[in-house]
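What follows is a structure written as structure tokens; I'll ask about it next.
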Amino acid sequence: MSTTVASVSAPAELERGSRLGNRIFYLLCLAAALSIGVLLVLVAYQLYEGSHLAMKQFGWSFLVHSTWDPVNEEFGALPFIFGTFVTSAIALLIAVPLSVGTAIYLTDLAPLWLRQPLVSVIEMLASVPSVIWGLWAVFVLIPWLRVGLFPLLQKWLGFLPFFRGPIYGIGILTAGIIVAIMILPIVTSVSREVLRSVPNLQREAAYGLGATRWEVTRIAVLSYARRGIFGAAVLGLGRALGETMAVTMVIGNNPEIARSLFAPGSTLASVIANEFTEANSNMHLSVLFELGLVLLGLTIIINIVAQFMIRAISSPETRRA
Amino acid sequence: MSVAANHRYRKFKNGLMNTLAIVCALLVISPLGFILFYLIRQGASSINWAFFTNLPAPVGQVGGGMANAIVGTIELLLLASTVGVPIGVLGGIYLSEYGGERMNDWIRFWADVLNGIPSIVWGIVAYALIVLPKLPGFSAYAGGLALGFMMIPLVLRTTEEVLVLVPRSYREAALALGLPQWKAITRIVLPTALKGIITGVLLAMARVAGETAPLLFTAFGNSYWNRSLSQPVAALPLQIFNYAISPYDDWHRQAWAGALVLVGLIFCLSLSVRFLSREKR
Amino acid sequence: MHHPMTPRMNEEIKPTRLNPPARAAQPSAASPSAPAVPAGPPAFDVKNLCVWYGAQQTLHDVTLQVPTRSVTSIIGPSGCGKSTFLRTLNRMHELVPGARHSGEILMLGQNLYSPEVDATVVRRRVGMVFQKSNPFPTMSIAENVLVGLRLNGLNDKALLRQRLEESLRMAALWDEVKDHLGRPGTSLSGGQQQRLCIARALAVKPEIILMDEPCSALDPIATSKVEELIHEIKKDYTVVIVTHNMQQAARCSDRTAFFYMGKLIEFDETRTIFMNPANPQTEAYVSGRFG
């Protein structure tokens, strides 16, 4: 590159060269970004295609049929839908109040020096894999539940039909408890973000009126953040619906609608994990695909709702969720 | 109620709620203490050189280790990264450097939705794509693909967040020097954001390293060394799962040890992330 | 106010240079301050330039000619469009989404905006220095200076070494950094960083250098060093400098353009603009009655 005018005005090929390079790179990046859409379509399509056999055979009644008999090729999804919902409901009932309480503590009540360490602990909790929670549940939690908490619950609440029946330690309630532990971190973090995004003006207005700390939280913060916290709970529900490993290890894998909280049961995710590699017929496999499709549909809908709610709360101040 | 009494009541309620909040926080963080305690108590004694170097012993026999599972996990992570990192980073570049606001909002939205679907679904997809058509069946490739699918939306989001932080003036200076845009991005902007991008990749790896469900019917597990990537491969989470639900005490003991190693691996990844993010520029 | 024609104190001290760049020979100017009009097309021939950002029009019908091998300054109050105008000269305004223009700009006789012309090539011929210095943080001093050359494919080590020293000497930075060229570019002081950016721009041997308020973030000593530099390089380069500092314009430039509200109000020799401007608005601005 010497210094004359002519050499610096690069020959035509350089002009074309950089345009081509730009174009190729742009298309590569675009394709990568669009991969998100591709993945969505891929997932839906593969599950749909795999369930074709089962869908043709059983139709919509599959969703409400409750017999699960692979030997005689009689299949129904109801026990698993039931199990999924009940474990998730239990998990939410336990986790949401605890998480919101913790989020309130972290945002408004905890001393400043304590906040970051606590947040780090919660992040560490979030990174513990499902199978390790399952391991701990099988060897530590279940024995304790079997001789400690569950008999107590049966003593106090045994008048309710779903607290009766034999106590094995494994079962629906145990699965609900372990899932609750697993969704605590995410519901707490998202709730905390939501609470943090409440503008201080709201709090200051309440303080100015002479409210106590709790009252400030209740009046100024919680009601403003209501929608976002609900979104956090819905997000937790999305996670709970899909929890597989820990649930498989503690729920007992009984493909029936459980009559009591202490009885074994099954969820959509756990039955897939259990039976997929042992499915001995194409129909069986196709039915499992269809269960996967139901699970996918449920979690996508719940996640879409959750994402909308979380984005709604943070729109004026922070666009990033 | 008199003003004074009302005030006392409100103060009491305030204190009560305060206590409740502290109780909530304690309950939320205590499982970590429990699990670390038991992991160390049950697992630490079984961690020895043999554990890291031996293959699993035949069923019922005492002894053996998880060497193949540890190596298998690393194999799977590397395979997953070859899928997840390029697509995720390039996608993040698109969002940060090229994309319009509306399209970016959509992509982010759906990436977040993807992040929330159960991991077993990715296993089913990889199964349908690779295992079912025997291409080549249960293999490290299948497991790596399932995990790679999971990594894509994660890496995409973190890459975008980091690239957006690079000040505009560096891009302008690079373009003003007569660099084509793709060079300005890859040689100036990307290196500036490199630390953050690596952080995002490590986080995605930490997330994916512990996943079992997608591997159940893709990588499938292996009691021996995996000789080629087209064969089934053992992985730590899979091994832990299989041992935990088995009836053998010795395998239970090894499951704890494996769990300790897995948690150690994940914590190491997370700590490196924290270390990288804290360094002064 | 410092009279622009008074010889400056340190004009005798010229920075040493390794190899004066081999430029096409020009009849040397009679005196350092009164530029002879060089032969050949003007550096920029702007005709009826209008610029819109989206619906808002930022430049209205600007017409002027920037002669080569001179310093042209652009002054005016904030928001008058001077930065926008500068950026049309190397097609940097196109980076703003929704930017469009009408009118014509010829650079050294060639249409800058014709469809065959690649903006990337334009920007290799027209260098730019920004308001806030921005050396690339992942690169050393040497790497920063040479990045424009290396990334455009120049790999000859000897030539690179020569260019490195040349550019740093021209930027009056060589003596200060020659012993630690491997240090990060960001380890220098603010004034040094700006001179590093100037060296970086000079290294690709553009014919024209655009400067967008290059001294606004610098202390007076660093500022005077940059102004010396401008005075040196104008022998071989065309410089267009946007500045909000009228004294700087008066000190450094041969011609001055006064912009106001997106319009070019007056363009003439610097001496005329500051001593007896034709337009009353110009007079009001340069005498400080508004700004």
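Per-chain residue numbering starts at 1, and chain names A, B and C are given in the order in which the chains are listed.
Methods note: contacts are C-beta pairs under 8 Å (C-beta built on N, C-alpha and C of every residue); 3 or more make two chains touch, one makes a residue touch a chain.
Values in this document were obtained by computation on a predicted structure and should not be read as measured data.
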{"item": "Shortest contact path, chain A to chain C, counted in steps", "value": "1"}
{"item": "Result of counting contacting C-beta pairs for A-B and B-C, higher pair", "value": "A-B"}
{"item": "Most distant chain from chain B by Cα centroid", "value": "C"}
{"item": "Between chain C and chain A, distance of the C-alpha-averaged centres to the nearest whole Å", "value": "57"}
{"item": "Inter-centroid spacing, chain C versus chain B (mean Cα positions, whole Å)", "value": "50"}
{"item": "Cα-centroid distance, chain A relative to chain B, in whole angstrom", "value": "15"}
{"item": "Chain C: positions in contact with at least two other chains", "value": "120-121, 124-125, 152, 204"}
{"item": "Junction residues of chain B - those touching two or more other chains", "value": "180-181, 183"}
{"item": "Shared interface positions of chain A, touching two or more other chains", "value": "18-19"}
{"item": "Residues of chain B defined as touching chain A within the complex", "value": "10-11, 13-14, 17-18, 20-25, 27-29, 31-32, 34-35, 38-39, 42, 86-91, 93-95, 97-99, 107, 109-114, 116-122, 124-125, 127-129, 149, 152-153, 156, 161, 180-183, 185-186, 206-207, 209-213, 216-217, 220, 237, 240-241, 244-245, 252, 255-256, 259, 262-263, 266-267, 270"}
{"item": "Touching residues (chain side chain A, partner chain C) in the complex", "value": "1-5, 8-10, 14-15, 18-19"}
{"item": "Complex contact set, residues of chain B against chain C", "value": "167, 169-170, 172-181, 183, 187-188, 191-192, 194, 281"}
{"item": "For the chain C and chain B complex, residues of the former touching the latter", "value": "90, 92, 95, 120-125, 127-128, 130, 132, 134, 136-138, 147-148, 151-152, 197, 200-201, 204"}
{"item": "Touch list for chain A against partner chain B, complex", "value": "18-19, 21-22, 24-26, 28-33, 35-37, 39-40, 42-43, 46-47, 49-50, 97-102, 104-106, 109-110, 118, 121-125, 127-136, 138-140, 181, 184-185, 188, 212-215, 217, 235, 238-239, 241-245, 249, 269, 272-273, 276-277, 289, 292, 295-296, 299-300, 302-304, 306-307, 311, 320-321"}
